[in-house]
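As written, the chains take the letters A, B, C and D, and residue 1 is the first residue of each chain.
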Amino acid sequence: MSLDLEAIYTDLHRHPELSFQETRTAGVITRELAALGLDYEEGVGRTGVVTVIRNGDGPVVWLRADMDGLPVAEQTGLPYASTARGVDPAGQDVPVMHACGHDMHVTAMLGALEKLNASQDEWSGTVVAVFQPAEEYGAGAQAMIADGVFDRYPKPDIVLGQHLTPLPAGTIGVRPGTQMAASDGITVVLHGRGGHGSRPHSTIDPVVMAAATVMRLQTIVSREVDPREMAVVTVGSIHAGLKNNIIPAEATLELSLRYPNDTARADILERVERVVRAEAAASGAEQEPTISTLHTLPPTINDADSTARLTAAMDRAFGEGTVVDPGMFTGSEDVSWFARDSGAPLVYWFWGGVDPQQYADAVAAGTISRDIPTNHSPYFAPVLHPTIERGVDALTVAAREFLT
Amino acid sequence: MSLDLEAIYTDLHRHPELSFQETRTAGVITRELAALGLDYEEGVGRTGVVTVIRNGDGPVVWLRADMDGLPVAEQTGLPYASTARGVDPAGQDVPVMHACGHDMHVTAMLGALEKLNASQDEWSGTVVAVFQPAEEYGAGAQAMIADGVFDRYPKPDIVLGQHLTPLPAGTIGVRPGTQMAASDGITVVLHGRGGHGSRPHSTIDPVVMAAATVMRLQTIVSREVDPREMAVVTVGSIHAGLKNNIIPAEATLELSLRYPNDTARADILERVERVVRAEAAASGAEQEPTISTLHTLPPTINDADSTARLTAAMDRAFGEGTVVDPGMFTGSEDVSWFARDSGAPLVYWFWGGVDPQQYADAVAAGTISRDIPTNHSPYFAPVLHPTIERGVDALTVAAREFLT
Amino acid sequence: MSLDLEAIYTDLHRHPELSFQETRTAGVITRELAALGLDYEEGVGRTGVVTVIRNGDGPVVWLRADMDGLPVAEQTGLPYASTARGVDPAGQDVPVMHACGHDMHVTAMLGALEKLNASQDEWSGTVVAVFQPAEEYGAGAQAMIADGVFDRYPKPDIVLGQHLTPLPAGTIGVRPGTQMAASDGITVVLHGRGGHGSRPHSTIDPVVMAAATVMRLQTIVSREVDPREMAVVTVGSIHAGLKNNIIPAEATLELSLRYPNDTARADILERVERVVRAEAAASGAEQEPTISTLHTLPPTINDADSTARLTAAMDRAFGEGTVVDPGMFTGSEDVSWFARDSGAPLVYWFWGGVDPQQYADAVAAGTISRDIPTNHSPYFAPVLHPTIERGVDALTVAAREFLT
Amino acid sequence: MSLDLEAIYTDLHRHPELSFQETRTAGVITRELAALGLDYEEGVGRTGVVTVIRNGDGPVVWLRADMDGLPVAEQTGLPYASTARGVDPAGQDVPVMHACGHDMHVTAMLGALEKLNASQDEWSGTVVAVFQPAEEYGAGAQAMIADGVFDRYPKPDIVLGQHLTPLPAGTIGVRPGTQMAASDGITVVLHGRGGHGSRPHSTIDPVVMAAATVMRLQTIVSREVDPREMAVVTVGSIHAGLKNNIIPAEATLELSLRYPNDTARADILERVERVVRAEAAASGAEQEPTISTLHTLPPTINDADSTARLTAAMDRAFGEGTVVDPGMFTGSEDVSWFARDSGAPLVYWFWGGVDPQQYADAVAAGTISRDIPTNHSPYFAPVLHPTIERGVDALTVAAREFLT
């Protein structure tokens, strides 16, 4: 390959950017696309990049890679670890890390584009490569759609994408049907009444209100959901107060909710609201809590026929046993919007980035969930090889399967 | 008077400063002291100011006024409301407000100094006026002592001070013995293990750990303290997480604890630690919680004989019934350090700042604790008159009682 | 004395009876009254006994002793420990113990009656001795009033009574004003929906609803009551479910609430109801909780003048320093109804039953609240002497003070 | 049929008996077996009954039906509703109901035995009919094994059994592999220190300890189990205290735990113990909690080949579509012990008892989990027909499939 993918990856990893701030990342992408001789458009959906390879008649295959990092303080100790900082939507200065592998997604996409571009005599059709911003806010895909991607570029006959995951490097994980959960991000502001820390009786303490709410929210999953169904109610952030001796006037919770389908979504949203309102009432709150939606992600549903084709193609390319059924993931994605809104089928798969020996040892010890850092962990650190190569090849094989 | 106390007060109110950052406030003080022809020293205990009026033989009377504001977003709607912001010790940009009346304390002290200065032919002795920083951090008095106030200025024969409070304007509140509670500020960091919001089982959720801890801390007051004894366990701030879909690695609580004496202090600190450690254990935390002390305040104990003298003097000056027993306050003060460390007696009293009609109405309606904003409330707003005048006179009368 | 008070006491202690079931106890009382040659009436207020000593003109002095035991399994290991059982109002077979000292109250009353009867030439007036049932249900005094005690016997000019307490034996504790708290006993039934223990989602789990309610009730005392005011919210019993694998349909809580006065009573009852209803709502309960009152006890308020007379009389009789101010007790009594409803003043005092050396050791070690069993403890065990003698004499001295 | 199965069912329903007390039930069974001319043995595993039909060479097929009722107060309003009461292992007088359908299990078994007995010319082999007691305590199967069923009767070549469930009447539900969850029943006694309800500070309140424990146990399922895995932590009973104004010395919780396999079992038991011990520590308990096991049930695993044969046989007998995959059930069974300990394969299926129209309406309204009473509900009430007939036929068809 002409591109130095390891250098690109470690550079991206060292310089992660928060959602909708991926300007340096876009700069790296366009520099490499230019090196490949490909045209592109920048600023699509604010900070996204799109490039199109038109190669005669045939299907339009969309390849999608997301670009953004996360407000996580990297603790991997890697030589190329991030020390970057950014400003989050609340105006806070925060650490930033590629703790979800989007740097690897971009790297693999660039590698696949080089291969597809160089092999145009072997296929025909159109490849649309979508570098999407702000997946972590669940907002980037919709921003690109709002920016006219379906009008400005050939509409997809199929949407393909891939995500790095803590499977052994070399392994591909995919299943037909629901591959990833639906999700909502919501913000809850609990309104109390502030006052002096020594005079709780003159206040309505929002810290206690918030704590009781968090404890009660646990019972939605533990008591109200069929134990055989997947559901997650995570309070990912809680903030109240500036000083130990001032009882603040309000508390803010941010929740991440996960479910397999839209029925469960409705049920759980209703229960969350019920609990939040009742706990405010238990505190004697004089103002109803404020509940607002940060983002809504549909379930990621893989088209059954296309998934079967992709699985067969990968087994041929990489050997039998390469593709496993990873089960449904409780994580969520906004890649679905590209398929939902265009009516195209979707196949979204995972590829592994964990040293196979380390993985095997953890399986043997029964300590997978403790020893293997997951996405969003400050220790998330894929091995470079063969992760990069398998990511490039997986995307190339998949694209070729659906081109003609 | 030559000083325009209303202008001084509203100026200070408009420009509050956080603890140990009271440089503009010190500038106002020294400007006015200079206008009175008084010498002073700045930068005592970092940002404090001291001035001494030497007027022949006689007792040394210390008058103390604290200077700092609080990280509270003012909501009084007053024309002179604060819109100031500051940077707190954690590096956060926060709103600042004189929500505890220290602007009034400074104003009254300046007025009293003008009166005492102008009436030197009527008394003899020495007045040491101490403008103290950082009372809200419980750190300013000790900083001034560490900076040598007892060596650099005449040591006190008595320490006097006053605090604005939600009594009717005109009223003085004081009692012999324990006037204000002892207090500790402590910080608790709960260590969990971070991860993806959709994969709680791969994490140790510090938000749930914190919520359970807050709920359990309530039982110290509700179950473990004699119902006839005063105790407060306030969690004034709780912070964890940056994003809804990332489970953070830790949560931070700041607690304000209040008690009448040192025995109760030891008991409650032990119980807080017991609860915090046990709740971390209940979560399966792999690291013990980190517990650290922000500040320690002794009880504020008024000398019985001196309090009787002061009460009698104020009754003579302001009329019988002006002085009431306000009971013990659950709030705390660091003024005691000046008395404790010098061996001098202390009298520390309260003076009211609430419109008397509004106060009477609230009493009649039984809604005092709801309708009258307390110290540290974003609505705390003393009426200017006669609050300023009574503050000036109370300090003057008190000083004169102990001078000769 | 002709009565063998130690034998009477140990017999009563061995044979405690639950409220309104004190028939054997009444039999002991009437047997001893007969031995003294006194008339009596049985069955007053269901199981009470009243005897009157008419001795010429003079004040009518009521002496009151309560009779009932408690559903506590005695663990004192005493040779005369109770192994009795009884059937409580819910039909449950329960252990019974004189864990509150009412056996000592009865014993002391009998001794005092012997003394007063034998010394009729030294006083004049009327003594009405009221052996009251069911104090523990807060129901016996009202039952006797409903049964006509004010009509059937001379109405009191003063009501006197005493209670055994963990002070050193020999000591009397009394204070003017509020001596004991007001109290309510309430029952809360939380309605959920039952089902199979493996299918929580098809139920509304009342056990979780009850647990959340108990935790939230803690915040009334910890956050909503002025830290300087006495308040107690105890959940003394919680019952739900019959089997581990059946989620029951409801849970029952019994609460004991304590406050110094009627304003606080109204506030706390409102808060309890608010919390209970909100926690049911948080669970999505389809039926409102059922809240009912078990009993309502007024504060026990000692008449100031009478208390001063009694204190002086006891100091004369037993030596200076015998009478101490025990502070307000958080416990409650129904003796007040006799004073409230007749308009007579009340003096109600405590007398100690703890070995003085053991008490002094615990004071020195700072372990009073741990080492000295309190009323209602399964270890409650007064020393026999001088507890019996001081109880007899205290009642005799008090009665004589108010007779002429 | 000669047996009046409807009369047998309604009689059994009206007279439910608690586990290991099924003597009247055994009497009904033996009366009907005698009427069929079958020999039997009573008192097997305390209150079980076994009958054997020997009919030449061929496989030994065990049919199992459980017999016991539950401590549930029936609220069906049926003319044959139970008003029975029993004494549970704790000595409590409790209501009893066939809330799990074991009366229907016995009825269907009797009907199947009549059919198998009458059709001996159509099959050969041996039928062992096991009427098992105490399934609800998870103890009956092991009691029968301990009593020598494998020695006293022909050992099984296959074990068959069936359970009534809220599927539409007529429907059979069965799946290969794990059909029902593993389960443990455990008892937790939390030790506090009792005392007077007005003096919480002299006690260690076990009610609060229990409430905090229940709330914390919720987080095992909500936070510590992979959201895609089945787990249930139910606190089915909680008991503490006898009276509102006595703080009791201890609280007792009974838990029902459910998991798909033995790894999950070990994890969850460890977490429950961790939470229980930590919450006791948070309360400052002076004695460790007492944790004991009530029963341990293995997962109910259907042999794949045998299940396929059974499904095919039922589809032939009842029509295509009769057999559905009901998914794994979170409930548990002790029937597995007969298969585990003998080494025979097991097929255990469900049959429906809900009016099909009512079921269809609830499906359409999305209110299945609300409107259809589940096993253990006080409203559990199968329609008599065709439930009885389908239960008889299912057992007969299944037995015939494995006989020759």
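We take it that a residue touches a chain if its C-beta (ideal position, glycine included) is under 8 Å from a C-beta of that chain, and two chains touch if they have at least 3 such contacts.
Just so it is clear, the structure is predicted and the values come from calculations on it, not from any experiment.
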> Quick one: how far do you have to rotate chain A to sit on chain B, C-alpha fit, nearest 5 degrees?
Replying inline: 180
> If you tally contacting C-beta pairs, which pair wins, B-C or B-D?
Replying inline: B-D
>> With centres defined as the mean C-alpha position, give me the chain A-chain B separation in Å.
In response: 47
> So, what's the distance in Å between the C-alpha centres of chain D and chain B?
Replying inline: 64
> So what's the Cα centroid distance for chain B and chain C, whole Å?
Replying inline: 44
>> If I count partner chains per residue in chain D, which residues reach a count of at least 2?
In response: 198-201, 205, 208, 212, 215, 218-219, 222-223, 226-227, 232, 258, 330, 369
> Taking the complex as given, what residues does chain B use to touch chain A?
Replying inline: 70-72, 88, 91-94, 99, 136, 181, 183, 185-187, 194-202, 205, 207-208, 210-215, 218, 232, 234-249, 251, 254-256, 258, 294, 329-332, 369-370, 373-378
> Which residues, counting only chain C, touch chain A once they are in their complex?
Replying inline: 198-201, 203, 205, 208, 212, 215-216, 219, 222-227, 271, 274-275, 277-279, 281-284
>> Using the touch definition from the top, list the residues of chain A that touch chain D in their complex.
In response: 215, 218-223, 226-228, 230-233, 258, 263, 327-328, 330, 366, 369
